[in-house]
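Two complexes, one shared chain (chain A), two partners (chain B, chain C).
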Partner chain A sequence: MSAAGDALFLATKSLRASKWRSAILIFGTAVAAFLPLFTFKAAALLEKTLLARAAASPVVIGQKGDEFDLTMNALYFRGQVAESIPFGERKGLAEYGLALPLYVAYSISGTPLVGTSVEYFDARGLEVAEGRLPALLGEVVAGADVAAELELEPGDRMRSDLTNLYNLAGSYPLLLDVVGVLRPRGTPDDGAFFADVKTAWMLDGRLHGHEEVTPELAETAYGDPDVDALLGDDASGDDGDPIGAPETDPPDDAPAEEAAGEVEEDEGEEDHIEATAAIFLFAEITAENRNDFHMHGSVDDAPVGSFLVLPRSVKRHDQLLGEMALHEKYQAVRPVTVIETVLEIVLRLRDGLSAYFALVAFSTLAFFGLALTLSLRLRRDEMMLMRRIGCGRFRIAALIGTEVALVVVAAVVTAVLASELGLWLLDAALRG
Partner chain B sequence: MNTTPTLLAEGLRFAYRSARHGGRPFRLSIDRWQVRPGEDVALYGPSGCGKSTLLALLAGVLTPEAGRVVVDGVELSSLGEDARRSLRIRRLGFVFQESPLVDYLDALENVLFPFRLNRALRLDDAARSRARDLLAELGLGDKERRRPAELSQGERQRVAIARALVTEPAVLLADEPTSGLDPESSERAVDLLQRLGSERGLTRLVVTHDPAVRRRFSASYDVGAWSAASGEDGGPARGEGP
Partner chain C sequence: MKLRSAATVFAALAILLGAAACSAPEEGAAPAAAGATAPTPSGDGQPALEAPAEPVLRVATLSNPADWLVQRLGAGRIAAEQAMPADARPATWRPTADAVVALQQVDLLVMNGAGYEAWTDQTNLPLSKLLDTSAELDRIEIQGRTHSHGDGGEHSHAGFAAELWLDPDLYLAQARSIHDAFVELDADGAEAYGAALAALETELTGLSAELAATLEPLRGIQWIADHPSFHYFARRFGLTIEALDIDAAAPPSAELLSALAEKSAAGNDASVAVLLTSKPHPDLEAALRDGPAHLVVDTLEVPADGGDYDYLAQMRANRDLFAGLSP
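Presenting the complex of A and B:
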């Protein structure tokens, strides 16, 4: 065995014999190394990840308000925007470039469901790994991380989360078809479900399907024989007229059963039938009932949280920003600017922490030095024995140095592993 | 018969402070003293008289102010530090007071410890086999994987003896080898030193303050006669040996 091998053998034996002392030394040193290592790498990762996403999202249009909230909602699908923007604005924005609607109001198993258009997938470079992209109402595609976490594959069905237990007029959980799984991209898109924006409106109750309202149904479903009192002359509810959520509240003096299952005649229109929330709404979309789903009101008035605009040119980009700067209700947000502002705070915090880390490193070094001194004092007999037997001072120093080096290497390896684990978790959190 | 002395101290002068006398300065002076090959010698004297210091001078751990020390035909002053260490580790075997062992190594690893300290020795299968044989011979064959903390004081001392012999030295130096041992263990340790040393033809030099131990050696010297408080001249050696 070489001299280095012998030194390594003795150092390993010594460290293993004092497990707790060695563990404390390694842990203390690892913490001192981990703190700056992780912080600086985390800041770099944060900067890279956030800026990359922001750079790929030139302009976000939304209602005036908090730019940060709008950016977080549009880019990372986090939080809610205070006010929605009508879908109809898309036509105007299309003059400047591709305007992608983003409606992040609902979730499936706690994972955001993003209502958008099919162009979003091309714009973000998203491809399906399995199945296909959503094409029909009620179809969703799962991001890679979500699919892995929930063990989803095409053909599975997921129920959307109930957003408001007490809102009987809408937001009913619906069974949605998972028709595809996206390839991982290492972006927040991996942590979301995507559907056509109409599917999101379906969860609003704005677009819905229900059983046909007929006198026979009224009698069988609600048990009220006095059909005339409940229905108008024309009982057809499938003529494109609005049917669904109650448009008027039941009168205070209405009988209980009427309030529960009221079908009220609209006094102004002979052909008009209004149904209340007690009517049976479809809780899932099937091949049989898909054609029964219909929209109440104009599509242009339907809400989205924001539009992600990919301008056709720099000129269009600047024109859009100029236009929006003068707009009364809407704002154009450049996510890069928002993220840079956030990062400025993070980087300032990091710089501030440097002094703290230096202090931690100094105290760790002092602690290490003290432990080493005490250890050498305790091992004075051993050193003396070595000297008497025939071991030189340099050799003794090399043996002690090997022990110190092993502790430092173990600490650095621990710190690097912990740092990588921390960065992996941070990366997952940033994407998810 | 080989008449070249294994150990020779000539015109040796060395000043030291005795911890036993509150750091008081002493001077060790030896005009000429020698130990022949295979001879077994005891050095005795009162505490602080310089017995251990003399052992360190003979081993080349300390360098005399004047005079010369010859070990196995080699004058130590002619050697550099590295060569002195190599000579020490190859030609001298040590057994110390309180049998210091390395607490994180087991008995076998302790015996082989010298091989890991100096490249003058080669740790090979022959060395390992020798170490095992020595432990077996010392009655520790079944305890070679035990740490010092798991051994009795007598067993630790036997491990130390095995460590001193494993390098196949020419001279065995023992500093109070029975210190801390009960009479029975002490007797056994001296028996082992004498038997193993004699079988291997080793020159044995033992420092002891125990008259019973001293009597087991064919020659003994009073180191107190060679040392005096600083300012006084060391008188001639008063040995009881030949």
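Presenting the complex of A and C:
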């Protein structure tokens, strides 16, 4: 057996003879190695993951205010934006690229409902695993995690969450049709419901369906508190044209003064009907009443939280940022910049932790040295015996060195394995 | 950058833990088969511009007037399909979910706009592919009865008059916006699309002049229409048209007969004429027989008499009707 082989054999025997001492030495050293290793790798993973989502979201346009709130709302569907932006701004933004509306103001079973347009799914690489994408008003698709958690499948119906318990005249929950489930993507999209932005407007009452408002109904609403009078046969709204229907197909019995001719249109007091909050609004969309849903006011004035803009070129990207820099009301946020700012805090924290880890390493080294010194003292007789039977100083030093090396190698291997395990768990957590 | 506090940042980090990478956008599904538009004659006796073997763009049209323009401007490079049956009316027609999903896959959706294709309000169509051909035009706003309920405050469901195609000049402007969209999506076909637009321009300009000449002598007439479809027509040709918003096919009410009598009494029968958009009920026809002249005109929403939709032919048929009233 070679000298190195002898040293390895004796070192192994020695370490095994003092199992607890060896285990404590390996554990202490492994912890000292694990802490910086895991922290730095975890920070890098976090940075990469967060920046990837941000990089896939070049520009977010919203009202001037907290950039962080806007980014959180648009990219991660968390929190609220302080002020909405009119949907009509989309036309101007479309000159720069694909402008996707994002309206995250409502939830279903506590899960955010994202009102957007159908292009969002392509832009984010989202595919349908079951069912189809929303096609009609009142339809939603569920992200993979949401569907798994709530055990959803196409054909299920979900009621949106109540947003204001005390405002009976305002918006109220609506039954929505789940028409599809998305494939998992490992992004925040897995944890949300998606619908067309018009469906989101439906939840805030801006787009709604109700029985036809006629002078007779208004009079009934004021004059007769009997709810049955309001919820009578006409309440279904099936028999009248939707109020929002264009004037191309008015009800046959429309009074002559309603005619919208080229001339002679009266706009007097008699043309306004106040029907009170007691009017019967539809609480769900069905095939029968879907056509009766209509917008309050212009679509262009309807609110969205932000627009995610995917510029069609670098030039357009820069032009958009330049344009928005001069805008009085709106701002263009580059999510990458926002996330990098957040990550700067992490990096600063990591730098602070480096000093701490150096201290830990130093104390571990001191502890290791102390343990080694004490161990050598305890093994003085053993060393003496080895000298007497002819073992040289170099051989004894090689033996001690091999023991130390074995402890360090075992500690590093343990630290690397623990670090990889931790990163795997973190990655799994990040991907939901 | 205004980050509120370190606490906010750390709270944010907790939220950000749900984030991960996104992949690049994916291409849409391959277009389904659809009828290709006819190649464009180049004019001047030259052979037609060569059309590609396969259509380059897949376009869906949301109403008949828009469809006719797309067919005329497609130059054999467009696979055009109409979302709605040709004899349906957009105000009342509603698509199935599957039909909407199919529409989501095309390259371009062409609509008249101005609220005409009302069914689009209840459907989820890709905004970036939706071409509203009237969006940039001088549309006529119409008032409806306002009402209020709930939190929404006073509001009206009125909007724009939709029948822009009854003014050939506006219709030509709509054609130009379609042409521009085609060129933007298919730059290689710019020459073919340009030739198609030039040919259409000649026809529509000619039609507009013909109508103007025909209607010039009729400007003094007080027109009464059964339906508010003629805003743009009246504006273009300087006519005064009052819409009563009645159903001509239903038995006339006493109020209607009285209103017609009142209008006639205000002038003489020669200075009042009635425009109807559908064949009148026999009772109304009888009432009109001895009163002011009446015309049953085509609003060009659907094909005439079950044939194919033909804007030029249908509009010229209208011109002939008006010409019959000329002194």
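The working rule: the second predicted complex is superposed on the first by the 252 of 432 C-alpha atoms of A that agree within 3 Å, B and C clash if a C-alpha of one lies under 4 Å from a C-alpha of the other, contacts with A are read in each partner's own complex, and residues count from 1 in each chain.
What we mean here is this: a contact is a pair of C-beta atoms (placed from the backbone, for glycine too) under 8 Å apart; a residue touches a chain by one contact, two chains touch by 3 or more.
Computed from a prediction, not measured in an experiment: that's the story for all the values here.
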item: Superposed model, chain A: greater residue contact from chain B or chain C; value: C
item: Touching partner for A:Y106 - first (chain B), second (chain C), both, neither; value: neither
item: Partner chain in contact with A:E382 - chain B first, chain C second, else both or neither; value: first
item: Chain B versus chain C as contact partner of A:R395, first or second or both or neither; value: first
item: First, second, both or neither for A:P188, with chain B first and chain C second; value: second
item: Chain B versus chain C as contact partner of A:Y96, first or second or both or neither; value: neither
item: First, second, both or neither for A:F9, with chain B first and chain C second; value: first
item: First (chain B), second (chain C), both or neither touched by A:D196; value: second
item: First (chain B), second (chain C), both or neither touched by A:R290; value: second
item: Residue ranges of chain B in contact with chain A within the complex; value: 56, 59, 61, 81-82, 85-86, 88-90, 94, 96, 100, 102-105, 109, 113-120, 123, 147
item: Footprint of chain A on chain C - complex, ascending; value: 1-4, 6, 8-10, 12-13, 15-28, 89-92, 94, 97-98, 100-101, 104, 114-116, 118-119, 121-128, 135, 142-152, 154-155, 157-159, 161-163, 225, 227-231, 234-235, 239-247, 250, 255-256, 259, 301
item: Chain C-facing residues of chain A, complex; value: 46, 48-50, 52-53, 56-57, 66-68, 72, 75-76, 78-79, 90-91, 94, 98-99, 101, 117-119, 122-125, 127, 132-137, 139, 167, 169-171, 179, 185-188, 191, 196, 198-199, 205-207, 210, 213, 218, 242-250, 252, 254, 256, 258-265, 267, 271-277, 279, 281, 290-291, 293-297, 310, 337-339, 341-342, 345-346, 429-432
item: Chain A residues touching chain B - in the complex, by the definition given at the top; value: 1, 3, 6, 9-10, 13-14, 16-18, 381-382, 384-392, 395
